[in-house]
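All chains are identified by letter, namely A, B and C, in their written order; residue positions are counted from 1 within each chain.
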């Protein structure tokens, strides 16, 4: 097991962490699984691809989250709010359908080819980590995820909005009775969730390339991570993301045939043992 | 709490729940009429190849019938038990592969292989059901998805190439001179020859599902769907009815898988794919899964769409749109919408006549 | 007096460090209507959950007809004569009233469903879907389902909740009548204290999880601890 392999696992886990935090936030607040989250990630990557030419990578890293945040808000206003009185499963299925629509529209606009995105020039080289060279860009991904994780945590634990989000995730009825403006909160959470998906997509673009199957490919791991982590638990999702990322990448080195089943074994094992997920406060 | 509420107005519910012993007299002849209608539909349907000679449309009807069985299995579980499965491809694909492997790799007679494949799919259905049927809500959905995708991964693993052929799949080859129900292998791929088989099995499965839904057992699983806790507090062991319903559903999916393999003479990992899993659920939903015919109609439409749109690559786009439109506006699917239109038309006509 | 059909012996229920119910004992005989009252948070519903098997006991035992049933599932208890109704109406919304009553009747081998239907006045809307009838009528369905099958013990959790004073009083009278007629041992948790004093044979008062008084209505009414518990909590 080399350091490079381990760091690759952490990098993948880091991307998964950023993406799944957004999904966990939405799931915790609204109780709905946003099956369109993979499509949002894909949107972020394609928007990044589109903006890199004119604005460079750093510009793209700003534009992508903004655009996807707007998409998130559109989802809230166009889907979650009008369908508020429908069951969670029905709304989830609508997002499932939206994912199909969004992903196809993206391909109709940008085509079926895999699109390369150049990372920032400043991070093109390798950095020496414990004696071996490791791509600086991937370290950047890890660093960004760490910063986002800390930022998200501080926001959720220390700010008043964060408190409102946590309270509403635990008990939506109670929170509303106590005066929390749940609609405004939902709007904010959808924007933040979208932005996080956008960041993940933009960061992934130079690493994994931008291609039509990326939305679908990332959806299942993200779903598994959020469900394993537990309802309403952003921390749980983050932890599960790192575990899956590292576990899968390392496992691929040792025993690829078996490792490919890892996410499924993980979610099946966890859900059967603990239907709330590991850190969940409600039943999934 | 229901995850998916069937329509409550009597004139919108084409499959009313059964009430054993509630009424006598008129009910007996009503049953006879219904049975006669089913037989009539069956006989007429058998004659489809006579009326429709165009192999393209006949192919759609045949494939639609097979997918319809899968969709109905999913729809039955979703509407009667409130359990939505994104993993019925597990049984569909497992049965298809089992059939392919036992005929091609082991040289078994096709009929035996077919029955064995259904058995394997059903057995796995029982095991999976026993494990997951107690998990509530989204957890169940994610578990079914995970299991289905795990099988997909297994079907493409190079380590299993001798068995599965990984991405290339298995071209099915019957052992020398073997026939299936009097037809040799080439004929099975011919829609006009395959149609009677597909149609018979489809009608049979629709009848089974309808009878189960209207039986006392059907009422039991509806009660479990409506309020699982109260059902337990009424003395019911809720695990068993749910498991049995799941097993019926898994068996249906397995039968569909075998039929699929029979017609296509080829299986590939696509039978396990996420797209297949999602699309079969959508077909059932869009068709209208509160009825037995809804999912079949949805399946036929899907197969038609697949043929027309497959080349353009826009199938997923329209499938997604159909899903969103159905949930947002046509809550009981196409069948429900048509039934409402029919009731509306009847009402309008009746009021016109009485003026 | 008939033999004790239901008895709770030093029942305790704890959630983490919190003792919701502590050392509660009572016995109920066939035909006896035993009321359980107490201020908010006294642990009444938790006690009902403990008796019915909905939650696990951390101490004590529950006996049905002399047999210890503490470890038994809720299904088993129902099939062996212990039923309950729910504080938050728990019916089958999508089924018709007839269907759900017949469902329970099948499970409990009830042969005279019509009597229960009549007693609770459900005859008018048997073929209506449960979600379409009024809240009060849904409540009646909830209670009817607990009375089907000749249970020997019936636990009624705030049957009058959400009903008007008259509806609640009528409900309690119905229950009183049915219990006497069928020699059912009934435990009644209620907030309508006047109603409880009116219809019940014996009363237990809970406060903060423990029994502060128990016995005949007249005695309990005069008990200074009971008075202060109620007046104290209303302050």
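Please note the rule applied: contacts are C-beta pairs under 8 Å (C-beta built on N, C-alpha and C of every residue); 3 or more make two chains touch, one makes a residue touch a chain.
Not measured: the values here are computed from a predicted model.
Q: Starting at subunit A, how many touch steps does it take at minimum to reach subunit C?
A: Steps on the shortest route: 2.
Q: Give the chain pair, either A-B or B-C, that is connected by more C-beta contacts.
A: Most C-beta pairs in contact, of the two: A-B.
Q: Measuring centre to centre with CA averages, how many angstrom lie between subunit A and subunit C?
A: Whole-Å distance between the two chain centres: 48.
Q: Just how far, in Å, is the C-alpha centre of subunit C from the one of subunit B?
A: Centres of subunit B and subunit C (C-alpha means) sit 44 Å apart.
Q: Could you work out how far the Cα centre of subunit A sits from that of subunit B, in whole Å?
A: 34
Q: Do you know which subunit B residues sit against two or more other chains?
A: If we look for residues of subunit B contacting two or more partner chains, we find 2, 5.
Q: For subunit C, which residues are in contact with subunit B within the complex?
A: Interface residues on subunit C, with respect to subunit B: 52, 54, 73-75, 78-79, 83-84, 86, 90-96, 98-100, 102-104, 106-108, 129, 131-132, 145, 149.
Q: Where on subunit A does subunit B make contact in their complex?
A: On the subunit A side, the touching residues are 33, 82-83, 86-90, 92-94, 96-101, 103-105, 107-108, 112, 216, 220, 223-224, 227, 257, 260-261, 263-265, 267-268, 271-272, 275, 283-284.
Q: If we count contacts the way the header does, which residues on subunit B are in touch with subunit A in the complex?
A: Residues in contact with subunit A: 1-5, 84, 131-132, 135-139, 141-143, 145-147, 149-150, 153-154, 157-159, 274, 278, 282, 285, 313-314, 316-317, 319-324, 327-328.
Q: Which subunit B residues qualify as touching subunit C in the complex?
A: Interface residues on the subunit B side: 2, 5-6, 8, 17, 19-20, 22, 216, 219-220, 222-223, 225-227, 229-237.
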